[in-house]
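Shared chain: subunit A. Partners: subunit B in the first complex, subunit C in the second.
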Partner chain A sequence: MPTLTEKKSARPTARAQGRPLPELIFGDLWEFDPAPETADPRLRARYDLFIGGQFVAPASGKYFDSINPANESKLAEIAWAGAADVDAAYAAAQKAYDTVWGKMPGRERAKYIYRIARLLQDRAREFAVAETMDGGKPIKESRDFDVPMAAAHFFYHAGWADKLDYVAPGRRVAPLGVVGQVIPWNFPLLMLAWKLAPALAMGNCIVIKPAETTSITALKLAEIFQDAGLPAGVVNIVTGFGDTGAAVMGHATAAKVAFTGSTEVGKIIMRSLAGTDKRMTMELGGKAANIVFDDAPIDQAVEGVVNGIFFNQGHVCCAGSRLLVHEPIAKTFLAKLKTRLRVLRIGDPLDKNTDVGAINSKEQLGTIERLVGIGIKEGAEMFQHPCKLSAKGYYFRPTIFSNVSMSHRIAREEIFGPVLSVITFRTLDEAVEKANNTAYGLSAGVWTDKGSRILKMSTELKAGVVWANTYNKFDPTSPFGGYKESGFGREGGRQGLLDYCRLV
Partner chain B sequence: MTRLPITKTPKVYVGGAFIRSESVRTYPVKDATGNFFANIPQCTRKDVRNAVEAAAKAGPGWARRTAYNRGQIIYRLAEMIEARQAEMLDALTVGAALRRDSKTSAAKEIAATIDRLIYYAGWTDKYEQVLGNVNPVASPHFNFTVTEPMGIIGLLAPEEAPLLALVSLFAPAIACGNTVVALASTAQPYPAIVLGEMLATSDLPGGVVNLLTGFRKEMVPTFATHTHLRAVQGVANADERKAIKLAAADSVKRVKLSKAEESTDWFSDRAQSLYAIRDLVEFKTTWHPIGA
Partner chain C sequence: MSPPAHASFRRLFNEIGTVDQIGIEERVAKFTTRSIKKGSKVFGLKLAVSMVDLTTLEGKDTPGKVESLCQKALSPHDDPSIPTVAAVCVYPAMVKHARRALGEDTAVRIASVATAFPSGQAPLRTRLAEVKAAVADGADEIDMVINRGAFLSGEFQLVQDEIVAVRDACGAATLKVILEVSELETFDHIRAASFLAMRVLRPGDFIKTSTGKTTLNATLGNNQVMLEAIRDFYLDTGTPVAMKPAGGIRTAKQALQFLIAVKETLGDEWLNNTRYRFGASSLLNDLLRQLEKERTGAYQAPYYFSEAAESY
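After this line comes the complex of A and B, so read on.
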């Protein structure tokens, strides 16, 4: 039973920071037994490139290590693809497009994509464990969100393959040919599914590069492509660093490129392709406002704000990294938020009780630490989870900054970590103005009991996704993508499909 | 003695007003017989910025108009051109040597322009029903996707079809609630000047359509770099396309340009499309839990 504490605190320092009384404390009084997920991720010691339906060694013979960010141990060696490998991948993709995939009736393409969905569901737990070990996200997220959602994306898009006449009413559509895709490390398998599924349903062939820190589940999915009998060359996976990504984006064979990642890299890609006629879609960064009005269901809003910023350690482009809270409830809300934050469990990503896992890489941990340091220097008030962090592995305490102003860098720049900046507002207009006062426009959250206000806010907010009285919800049927510098194009739904075809 | 006619001083239509370029520079155009016709404002990058400001002011109000109202206003613009065909016919014969064609082809261009406006007037309250939808998400949420105007759109009209191409570019943009800054044909700017006068009498709020005349090399770079322009569309040559895409990356601007070196048949039914509107909207998806 949770206990109401009045007099005795296990952490007097936390009390001294003025936490309100009485409160429920779980963590202090209950030690959680470890609850590790033990399913075998079935990792190989070495992963080669997946080109033309086969695993092939890179031309250079070079490999790099994939590290488990939870304990810094080496998981596997990953092939480092060079320009020659990327060429081979594009050649295989073009051949598959010309000879098989581009000619195949939609209903047959659909069956392959359905197979992929089913085989992924079969091996869901194995993939979840591999995803968590490779990327550091809590097993409960990879198990309950990443992997099932990835399978759902294949299943949803499979059904479109023979219904493409309904994608663009009044016009017929045709595939583009070969598309090049580069995806990030925050949802490795899910982003892969978001990219592959609509492109395949439309009849395109693909060269895709996963992020260097999270290549494993992509290559495990290649095993599924083999099991599914997917024709050779339809999907080609090249692993490596930025140089590999640049080769994928810039290749002459690519009729279209799709990128998910930072706005900074997105702009570099856009510039590098300025002299070409390649089509592009970009899913870039965000600095979403999660706006809480005084009539909001407070406890639900607290949950939503916590989920909004601490889901996947805040490695989410649509993370609700700015809390805009209505002034009348700001004090109460912040207190409740801190209380809730204190009971988050931070640690071993493979533990089924873990809420916040490991930061994806040492590099990203450095970025978070640097921006948090700037937040302190600029005078914002910091509150952090009081937990002890493991000495091995990359971890960061969930952090809340209050007294943040719109000019603070922590309120403007994407931190991509478990760091929330709290800003207050007095009127609806002020909330809209502050929420929209950013170069980004990916997502936003609104918490209020008033229906007309939700619709008003949804209309005014310059963001591609608006979550009202909820946050961080995703679905294959629901288009996702940004306004302004958060990119262009949509992924998911009928709208997303149209970005992978041309009108004829 | 015959009466000396009063000639009209060409002015561009920006922010609902008729202005000369802030640079007070002009360039001459000749009439169909090769004689001096008038001095056309040679607009500058400062004029582009002023026009963007006017478009920004008009934006929220225009976007909030009902779709029905936007449709009626665009229809009204068609009425204005239809009623003043004779004047536009003369305007279309003014310009560089590249246009030596007969009055018949000018009349054809005017008719196609009017029909194009009618086409888009009809879309204003329908495109949402075709492009947007409710999404059957696998959780207890009501989830719907609607379109919203992108904001301010920069348009680069080609040299040919100086009336029809210009209207074909801005009509889908304003049909879905955007405001535009458009650069007219350099060689044949006069139809855009006359069109401005028709826009002014069409119930279209000032600043929704802003038309500039002048030289592309002086203004195209500003179209590419101005961060308040959310998209640049129209026709451009290879060098312009590269320069625009390069500069557009800085603000992740949406760029859709057809090639000046490939001719576009502006008269074709293919030159009007629901998907021209689609390229000028953003999709917004809203989630809400379903529960008591």
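After this line comes the complex of A and C, so read on.
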């Protein structure tokens, strides 16, 4: 088809004619009116600890404020559990395990877990609003992802509870006893479901501590446990700060501890547990690479990269925070990425049209600002979304750093915010080398039209999950977990269940 | 000798890139979750009214039917704040009746589906004669169909030559090139056909999804593929090509979702009826129903709205 190229050259590009470069105008011709989600989150003014099936005041009588990061207003007071409260929670859990839950047939346990799932679905809108107010994530994510996915995890594991004889072929399984769990603030309800559902299905009892900035939906779920008639003490929720978490992780009663959070804290926990016979699973940080080859469908890869890093303000342990892009398409890709970035809507998380909400806490905002400052100082080129940010609340503009090299700190450290570092590569081997050149190994993405390349990459990438031509896809049936300093143990699927049982 | 079809396609895809179907569907699903309320809804609905190509394309069309369509186009509803539609779209034989009904001095344009619509299966000289006759009778816009047979067998030169011939026959009339997406089958083909057409179009000419005469017409997915093709072509050459989804858009809600796709893909400069149109007929009354609902706070009975031409 030589004529096609002739036609092209017969129509000189705007650039060659010296006209101004064509550009797209994403202005305010058709501005959307606010569309706030109005469901009542039904918050209490004060939340106590949930121990032995009851809400009880902390022994110390101390409470702390839970803040809405979107406007810095106080949402509720949350009990601060001390060592005595954690003791009480473990005692209640042990009692429930010995007298009820541990002995109950799986098919009976399943009924409770199904009930929890259904009650959560019934109150989905209320939970979505509460989750958004407490954590700052856009309502469209809590509504379409967090809450339905949390319910799906309960449903999936309820289905396993009467089929545990088949979870490890040729072997029988038995529960561990009481397990201690500490979860992070990025997906408060979903992480709770990831931790509770397999443990409950296996017949374990639980002491769990949500993150201090996002305790509310956990305590709302406790109301559902009461409504579902879950036997007292099967799940105990203790709220508080790092000291409470340390008490939960280090308690003598715990047969197993499960932690999701930063690699730094994970290491502290592992050190403190060295020499004990406790089992552990750790789901820690990540610095995932999204690798785009020159034959990938570019617009869809751009969409995937945007989804990979700006989903939940980048507060995702498997966020695709490094973009490795093939040199021949690097310029085009970056231009398209910036165009796409410009139509993201940043602002009030409760607005149904918001794509990127509020940063979870002032502290996290400080961390992001500090690392971005380092990125600028180290000479990377920064592009930010041009939006105005609200003066109240914790917000950060979606940010892309280009011209990043592997030695830059923004290419190595987990930022846990809406910040993407763009690195180029020339060959497949170089892409693998750069993707694996990190202490982490939680996830990776590959974008290419070539199936054989996907298979090769998925065996060579040292990452727990490798997504091909998509990103951030989750399912209760699919195990999730890390390599290297991203942790060990799996959550979801058969593999996740095996981390909550003994083989006998 | 022309190159084999697969080589033609391969070469074109190497130039313009391919499309991932699942990725496109995920992208457009996000448009459907946008929540358009109050003033922004009224603005969007009125914008959509102003973009409608009010269409009747039936064997049973009569001069009387076309006249009533033209009246509806000029005053869609009693409310004077509601704009006229962009155009009426009729068969070539009906153009002179439409011109008589609308008069010479009118904002409503006359579009006509020439070139042996919908199949395009007539000799080129017949198709060109049809175009010239429609323009001579007063058509401002010509909606042509591409030669899908030639496209699918990789004869891109033929496809483009025919578009050029029709373009030249149009004279000053605007050209809309119908790709007939359901017969192209894949998003890759839709992107490819969009580029083939755009490379020979004038600024302000349209590419259009479909005739409305096949099973699958405009969807958010194929609309998005074409919008992205227009965007890439514009950023590369500076030539702005306009877009017209046609067929299957029946509700105001759908129309708003298509407009959100335009806003977030091509931006403000495409949010007007010189750059974006809806080929539709029953859509108009649903837009009016929603506008009345926004104005009065309640849905009105259907008989409060004058009947539109129910075609596609």
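One rule holds in what follows: the second predicted complex is superposed on the first by the 476 of 504 C-alpha atoms of A that agree within 3 Å, B and C clash if a C-alpha of one lies under 4 Å from a C-alpha of the other, contacts with A are read in each partner's own complex, and residues count from 1 in each chain.
Everything that follows uses one rule, which is that a contact is a pair of C-beta atoms (placed from the backbone, for glycine too) under 8 Å apart; a residue touches a chain by one contact, two chains touch by 3 or more.
Since the model is a prediction, treat every value here as computed from it, not as a measurement.
By the touch criterion defined above, A:31 reaches subunit C but does not reach subunit B. Within the superposed three-chain model, A:299 lies in touch with subunit C and out of touch with subunit B [touch as defined at top]. When both complexes are overlaid on chain A, the residue A:371 reaches neither subunit B nor subunit C. In the superposed pair of complexes, A:495 makes contact with subunit B only, with no contact to subunit C. In the superposed model, A:449 lies in contact with subunit C only, and not with subunit B.
Looking at the shared chain after the overlay, A:284 reaches subunit B, while subunit C stays out of its contact range. In the superposition on chain A, A:458 makes contact with subunit B only, not with subunit C. With both structures placed on the common chain, the touch criterion links A:467 to subunit B but leaves subunit C unconnected.
With both structures placed on the common chain, the touch criterion links A:267 to subunit B but leaves subunit C unconnected. For the contact definition in use here, the residues of subunit A common to its subunit B contact set and its subunit C contact set are 469-470. For subunit A in complex with subunit B, the residues that touch the partner chain are 152, 168-171, 263, 266-268, 270-271, 273-275, 282, 284, 439, 454, 458-459, 463-470, 473, 475, 477-481, 483-488, 490, 493-495, 498, 503.
Contact residues on subunit B toward subunit A in their complex (touch as defined above): 130-131, 133, 135-139, 141, 143, 145, 148, 230, 242-243, 245-246, 248-252, 254, 273-275, 278, 282-289. Within the complex formed with subunit C, the subunit A residues making contact are 1, 3-4, 7-8, 11, 13-14, 19, 21-35, 140, 144, 297-301, 303-304, 307, 343, 352-353, 449, 469-470. On the side of subunit C, the complex with subunit A involves touching residues 3, 8, 11-12, 15, 17-20, 22-24, 26-27, 33-41, 43-44, 47, 156-157, 160, 199-200, 228, 231, 234-240, 259, 263-264, 266-269, 271.
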